[in-house]
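Labels run A, B and C following the written order; every chain starts at residue 1.
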Amino acid sequence: MTTQTQLPERTWDDADTQRDVAAVRAAAPLVHCLTNYVAAPLTANVLLAAGAVPAMVAAIEEVSAFAAVAGGVLLNVGTVTTETANTFIHAAAAADRAGTPWVLDPVAVGAGLRLRDRVAADLLEYHPTIIRGNGSEILGLSAAAGGGKGPDSTATSHDALDAAAELARSTGAVVAISGEVDFITDGKTTLAVPGGHPAMTKVTGVGCSLGALIAAYAAVVEEPLRAAASASALLATAGSRAAEVSTATGSFAVALLDQLSTLGA
Amino acid sequence: MTTQTQLPERTWDDADTQRDVAAVRAAAPLVHCLTNYVAAPLTANVLLAAGAVPAMVAAIEEVSAFAAVAGGVLLNVGTVTTETANTFIHAAAAADRAGTPWVLDPVAVGAGLRLRDRVAADLLEYHPTIIRGNGSEILGLSAAAGGGKGPDSTATSHDALDAAAELARSTGAVVAISGEVDFITDGKTTLAVPGGHPAMTKVTGVGCSLGALIAAYAAVVEEPLRAAASASALLATAGSRAAEVSTATGSFAVALLDQLSTLGA
Amino acid sequence: MTTQTQLPERTWDDADTQRDVAAVRAAAPLVHCLTNYVAAPLTANVLLAAGAVPAMVAAIEEVSAFAAVAGGVLLNVGTVTTETANTFIHAAAAADRAGTPWVLDPVAVGAGLRLRDRVAADLLEYHPTIIRGNGSEILGLSAAAGGGKGPDSTATSHDALDAAAELARSTGAVVAISGEVDFITDGKTTLAVPGGHPAMTKVTGVGCSLGALIAAYAAVVEEPLRAAASASALLATAGSRAAEVSTATGSFAVALLDQLSTLGA
């Protein structure tokens, strides 16, 4: 099968990528993140490095007002509970009403954990702009297949391509699949973002941070497909360059933020 | 306007700063932090680097006992919810009763988020020893002005000087305003702490960590104005030195902790 | 007293240690952590560096299913509340029923904080495979003595040896005491793991991460005493080697992850 090589690629060298990276730095969008407490610190640092402004307002009394004024919103169900699920719904509804672009990250959906499966399905009703997950999560969310052991991916991003395209068509969202190659599809056009580095899977929260980064780009770049592609190309480039200047996972994480804060700055 | 240049300055070179830094290292005060989950890891590491002992006991059944035995308490409303707000009130009341110095960090107060505005106002009734925020937050808390987009400051520290002095007089708290220059006032005396580096705003939780550091210093240094000034001078110095030995935000964060752990050690 | 020097030692140089380190990397066990939000990011990164797969599913509706499929479970009461205590009980019961090895980390138990004292005692009924804490916490949990100021240890690991052996005999758990020398006992055999470095106490979450690492090893290594010893020897070795290549706490934390990710890889 040669689908992968036939798809148009998006890399750092494309003018669109560099234009969007500069645009996000210039606009400094406010990104409201409801995310898991494991990935939260790295997520905030990734947003700051890319020139965005993170905020992690958590109260159900506050998220509606905030999702309406933020440039973009990330909802990541990694450590969702019954209480926070309700807050997520409020934030998604407010973003949908206000026309704020928002990203759904269905962490570990499809792995046999019922609450998040239901919450993620409920959130689809509020029209996420972009859905970002690994192959297993996209397969889980699309119900095209089950599987995955927790947030770790067993399906490759390529395995989930067909399910992603169908999910994009049925929900109206752009779907971004993370993996050795990232794929981004709106159900008609599919882009491949090569690059990155396996070390990115050895630092907690890198995938979750990509969801937040995509929300930042969607706040500034009008077309969601392009926003997701530019954010993915930035992170992949930062990852591969960080791997060149580090030898193990502790220093890789530091180098990743260094690269993110200097690329296109 | 020349107010800024007329104010007495507090820097690393002052004997008071270095004496207080040594005193905190010698006393190793226990600092109880109720803070947001984004800043919590860095906050704990900043306290450890400065020689204090962080603890982040979170249960409403435990905070009263703990606030009474801790050397200092930090209450940071960054990710406050209705449930944790109640815990904050218990901790503040216990600290107030026990005479434990405590710091209020009114993250994003004045930005149109109602729960935290109310919680912060309620907490003022328990006599915070020191209030620390950026210009927008101090303006928000003092109701001298609204504004700010989330936890990011749009008002400068200098813009909030008059409001801070008034807030100090009306509450009895020392008010520390973070910015390009930090200002610390008890309503009569105002100190300026120059230094620091813009990179400090590109690492999540540095401002929140200063609140915790001030609580550690207030546990050991009797005069709150001096405690806040010494803590601010330590962090500003660590920040400017870290910027000299790093080139981007990932390595800056590492260097900041390195500097904090070696200054005066 | 010469007990310490008479005990058999476990170090990096033992064949068992290196065999177990390789076995964990080969098996990539899924480790379910219910831990405090301060230590969570480092804990996940430590697990990834050692070749395990962390997951921090938090909902009471999900933990039972997850504890049953995970290779190992960590329950750390650092920031436990009444709500999360209930979730902990569900996870412990599910792990016990499914035969999943699980680790109890009784953070700050015995320090006068009643909720966690009760929760930790309740959790003992679900047969933890291994209990890991510092001297004060083991003394607190065993009720052999009170004491400790928060999560910081005032009792040495050696002070808690007798209490640990008794606790092991009464609960059937292996007890791992962290300190300048780590001790691991099943009530009959006691191993000493020397090494490590004081800098490990200056980075938040290193002790908590050891609890998770032990859960990863217990998922793969059949004998709990050996699993705890190998995990402790790995972390101690990483710590002492990291101290050789770093000079302060920020860079030490980075070097610790670098060492963990390369030792035996």
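Note that in this section contacts are C-beta pairs under 8 Å (C-beta built on N, C-alpha and C of every residue); 3 or more make two chains touch, one makes a residue touch a chain.
Quantities reported herein were computed from a predicted structural model and do not represent experimental measurements.
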Homomeric contact chain B-chain C: same or different residue positions, threshold half: different
Magnitude of the superposing rotation for chain A and chain B (Cα, nearest 5°): 120
Whole-Å gap separating chain B and chain C, where each centre is the average of the chain's CA atoms: 33
Contacts with two or more other chains, residues of chain A listed in rising order: 37, 40-41, 253-254
Sites on chain C touched by chain B in the complex: 36-42, 78-82, 108, 112-116, 149-152, 201-205, 247-251, 253-254
Chain A-facing residues of chain C, complex: 30, 32, 37, 40-41, 44-45, 48-49, 53-62, 65-66, 69-70, 253-262
